[in-house]
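Shared between the two complexes below is subunit A, which has subunit B as its partner in the first and subunit C in the second.
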Partner chain A sequence: MTPGRWLAAAALFVLLVLPAVLGTYGLTVFIFIFFYAFLGQAWNIVGGYAGQLSAGHAAFVGVGAYTAAKLAITYGLTPWIGMFVAGMAAALLGLGVAYLGFRFGLRGFYFVLLTVAVAEICRLITLHIDALGGALGLFITFTGNPWMFQFQDSRAHYYIGLALMLLATGVAAGVERSRMGAYLRAIKEDEEAAEALGVNTLRYKMLAMTVSAFLTGMGGTFYAYLIFSLQPAAVFGIPLSVDILLRPVVGGSGTLMGPILGSFILSPLAEVSRAYLSGGAWAGAHLVVYGVLLIGVVLFLPQGAYPYLRRLLARGDAS
Partner chain B sequence: MNLILLAQSLVNGLLFGGVYSLMAVGLSLIFGVMRVINFAHGDMMVWGMYLAFLLNAYLGVDPYLSFVVCAAALFVTGLAVQRGLVNRIMDAPHEMQILLMLGVALVLENVALVIFGPDTRRVATAFGASALWLGPIFLDLPRLLTFALSVTLSVALWLFLFRSDLGRTIRAASDNPTGALIVGSDVNRIYTVAFGVGAALVGAAGALTASFLPFSPTAGLPLTIASFNIVIIGGMGSLLGAFLGGLLVSVAESIGAVVLAPSLKEVVSFSLLVIILLFRPSGILGRRA
Partner chain C sequence: MRLLEVSALAKRFGGLEAVTDLSFTLEEGEILGLIGPNGAGKTTVFNLLSGFYRPDGGDVRFRGRSLVGLKPHAICLLGLARTFQIMRPFPHLSVLENVKVGALARHPHVRDALERAQAVIRRVGLEGKAHAPAGGLTLAERKRLEVARALATEPALLLLDEVMAGLNATETGRFIELVRQVNAEGVTVLLIEHVMKAVMALSRRVIVLNYGARIAEGLPEGVVRDPRVIEAYLGEEYTRAQA
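Showing the complex of A and B:
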């Protein structure tokens, strides 16, 4: 095994035994690290590898969350299965958005705007559907029944979150190593050239978006059963979309470790600044920190933290 | 359907459309010259509102006078953002510029939140309760005044771009940056002025709406998105397109609010956006991309 793999195995071991020593607050911080790393990794497939910047991934979180919660509340379907239905619903939406956007050749800013518009339309429509609770949202009654994806012990959320993060990373690794990954990178670098070489760019961009949306929809289910209440503004809102794309961008988009590293940097920062700065007079201060960080990353680490770290380590090895 | 109600909403939409036009013209100018999308556009507008609020609360200045000061302050802000941040990454990929401006938007919005708190505000004006009647249709005086001033500012921008030397250079640089460099234009200066003027226009739009559009620090994002919609619908980089797009979107939203439901008015403009994106992404008056 290479040193990198040893390191990954050691890190995984630490994460597996960590709940033994963590308190409730520590567990919560880690659950959000995993959750955002998972969403970031899902985004990474289309936003990072394929370079199709989506600023509306909250749409898939929202569709996934509402699908699973509604199925459980009204039809008693367990979210263990509902999660996959939710993923499918989100994937369908993703497929639709991707088909429309890519079929009509939307790129760059135009694609960004299409994704924002779709998420906003979802939010506004959900606000007006009474069956989904309208502006009040959906509330899930807590029963603590593990069969219904409800857990007394937050260690369960910890391990499920960790599993989801590993799942998305596994999918991203599969994409990265496959022919599809090579095609996506070619599309990101130079779409015309990829097309000229016979890559069916439309098909692969759509595939990337669909896979990404499926995972994100599953994440929505996890979110619903972590928070136990769903409001359109929270699950479909632009702030969530920004939160999702921020982690891979800060960590290094288009790299396997980027979203995870980004989440380990940003999520605790968000959690700590929320805890210390969001009280009264300092509401919003943690988002100022976010904004400054984003500006700093773009100006000084445009490829993200992970590629920079790797270069730094490689230099250390060479000397 | 009540005909008078419909006519009233048409008039209201048209009057508010002046503001939409002004916002969109500012955004379109920045995009046309630099190919940079100002994601902080709405937040700059909100800062225009808060400046009008401060000038009114501490110095008693009416927003219909202080909009000049607000525009000047936002001109300096735009200049600083362009010089300090955007200029460093002019050659970076598109995503990086979008992310940079998202960062600026987050900072502007939340600095306002830290300073002013989350309360919704409105600025008092001397024209507050006045209205004119056109038969059964009434015209709110502040909105009428805002419309007139917005159109005046848009025309002033047009005169600046088409009748002054600096304006002509700006248009030349937006048509062909390399060509402008070759004939010896100071492209950096052009970029700075264009960003400053774009920000000043939206700052003025903020001050001019502060008396009837209740605002809070989070009001920026919806305004940014509305500006994007209008610019795309009107045609990226086309000033006339942005101007007409503003009127069109505002009228459509206003009528949609009456025909559907007030809270569904944005669905109308988003649907308009999606249709335009799919069938004519260059917008109503835009050049083919």
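Showing the complex of A and C:
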């Protein structure tokens, strides 16, 4: 095994035994680290590897959250199955957005705007559907029934969150190693050159978006049963979309470890600043912290933290 | 056997007739040179053949099948590969990864594609640079990479767009040898080139374009003596230097 693999195995072991010593607050912090690492990793497939910047991934979280919650509340379908239905609903939306955007050749900034618009449209539509609770939102009655994805003990959320993070990382690793990964990277570098080499760029971009949206929709289900209430502004809002893409961007987009590292940097920061800077005059101050950090990353680590760290380690090995 | 048949091809950009009523054929195994002054429409012809532009008129038939309306990737998979005059390597990927993208067109498994890519890289003489990022290559190396990527898609017809421009005499010589070898292995070549030494050495036939239309066609030795070609492209200097 390479040193990197040993490190990953050791880190995984620590994460597996950590709940034994963590208090409730500590568990919550880690649950959000895993959750955003998972969402960031899902985003990474289309935004990182394929370089198609989506700033509307909240749309998939929202569609996934509402789908699974509605199916459970109205039809009694367990979210254990509902999360896959949620994934499929989000994937369908992702496919639609990708087709619209890529078929008509939207790139860069214009694609960003399209994804933002789609998330906003989802938010506005949900706001006016009474069956989904409208502006009040959808509330899930807490029963503590594990079969209905409800847990008294937040250690359950911890392990499910960890499993989701590993799942998305496994999917991203599979993509990275396959033909699809090579093609997505080629598309990110130069789409026309990729076309000339036989890459069906439209198909692969749509595929990346669909896989990414499926995972993100599953994440929406996890969110619904962590928070137990869904408001359109919270699950479809621009702040969530930004939260999702910031992890891989800060950690290193288009790398396997980037979203995880980014989440370990940003999620605790978000938690802490939310806890200490949320009252009265300080409301919204955590966004300032985010902003400053983001400017720092763009200025000093434009590739993200992970590629920088890797170079640093490689230099250490050589000396 | 006839590999490519271009008939009455036309492309307009606004009021500019970039290509007008162009017809020619390519036989299997041939090397055909496409020459002419800058702006004559040579690269436009490549873009039309490879699916990057849609013709306003006429037809392109490859192995009897019309290519009009097909996407570039579909045309590549049919066996027609091109290079870009303004080279477009994937700058952050290594040379090997660049060529691998081309090889994946015929070998869907990454392992097979890598093997194939390595063979092509040795072929063009870039094995020393296999793991270097493509963005850091010299001009001559980038030209080799451009050809390697196209070759990795295992084309029956290779369109080379000014791959020898800007190379020194030694490099040009090596490139001529490379094209000759590739052709000897059964790849038909359509060559856009300003380096007349290469055109003369390689082409069996030459077509001369000027203002989007063909002004001459024939054996290289004959074409360079054609007064219209001298007037439009080569100039008196070239003729005197040859004499």
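Convention: the second predicted complex is superposed on the first by the 319 of 319 C-alpha atoms of A that agree within 3 Å, B and C clash if a C-alpha of one lies under 4 Å from a C-alpha of the other, contacts with A are read in each partner's own complex, and residues count from 1 in each chain.
As a convention for this text, a contact is a pair of C-beta atoms (placed from the backbone, for glycine too) under 8 Å apart; a residue touches a chain by one contact, two chains touch by 3 or more.
Note that the structure is a prediction, hence the values are computed from the model and not measured.
With both structures placed on the common chain, the touch criterion links A:Y225 to neither subunit B nor subunit C. In the superposed pair of complexes, A:Y36 makes contact with neither subunit B nor subunit C.
In the superposed pair of complexes, A:G108 makes contact with subunit B only, with no contact to subunit C. When both complexes are overlaid on chain A, the residue A:A186 reaches subunit C alone and has no touch with subunit B. Of the two partner chains placed by the overlay, neither subunit B nor subunit C lies in contact with A:F264. In the superposition on chain A, A:V292 makes contact with subunit B only, while subunit C stays out of contact range.
With both complexes superposed, B is the one of subunit B and subunit C in contact with more subunit A residues.
Contacts of A:T201 after superposition: subunit C is touched, whereas subunit B is not reached. The part of subunit A that touches subunit B in the complex is made up of residues 51, 53, 55, 100-101, 104-106, 108-110, 112-114, 116-118, 120-121, 124-125, 127-128, 238, 242, 249, 281-285, 287-288, 290-295, 297-299, 302. Those residues of subunit B whose C-beta lies close enough to touch subunit A in the complex are 37, 85, 88-89, 92, 94-96, 98-100, 102-114, 117-118, 217, 221, 225, 228-229, 232, 261, 263-264, 266-267, 270-271, 273-274, 277-279, 281. Subunit A contributes residues 177-179, 182-183, 185-186, 189-190, 192-202 to its touches with subunit C in the complex. Residue ranges of subunit C in contact with subunit A, taken from their complex: 50, 52, 71-74, 76-77, 81-82, 84, 88-93, 97, 100-102, 104-105, 108-110, 113, 149-150, 152-153.
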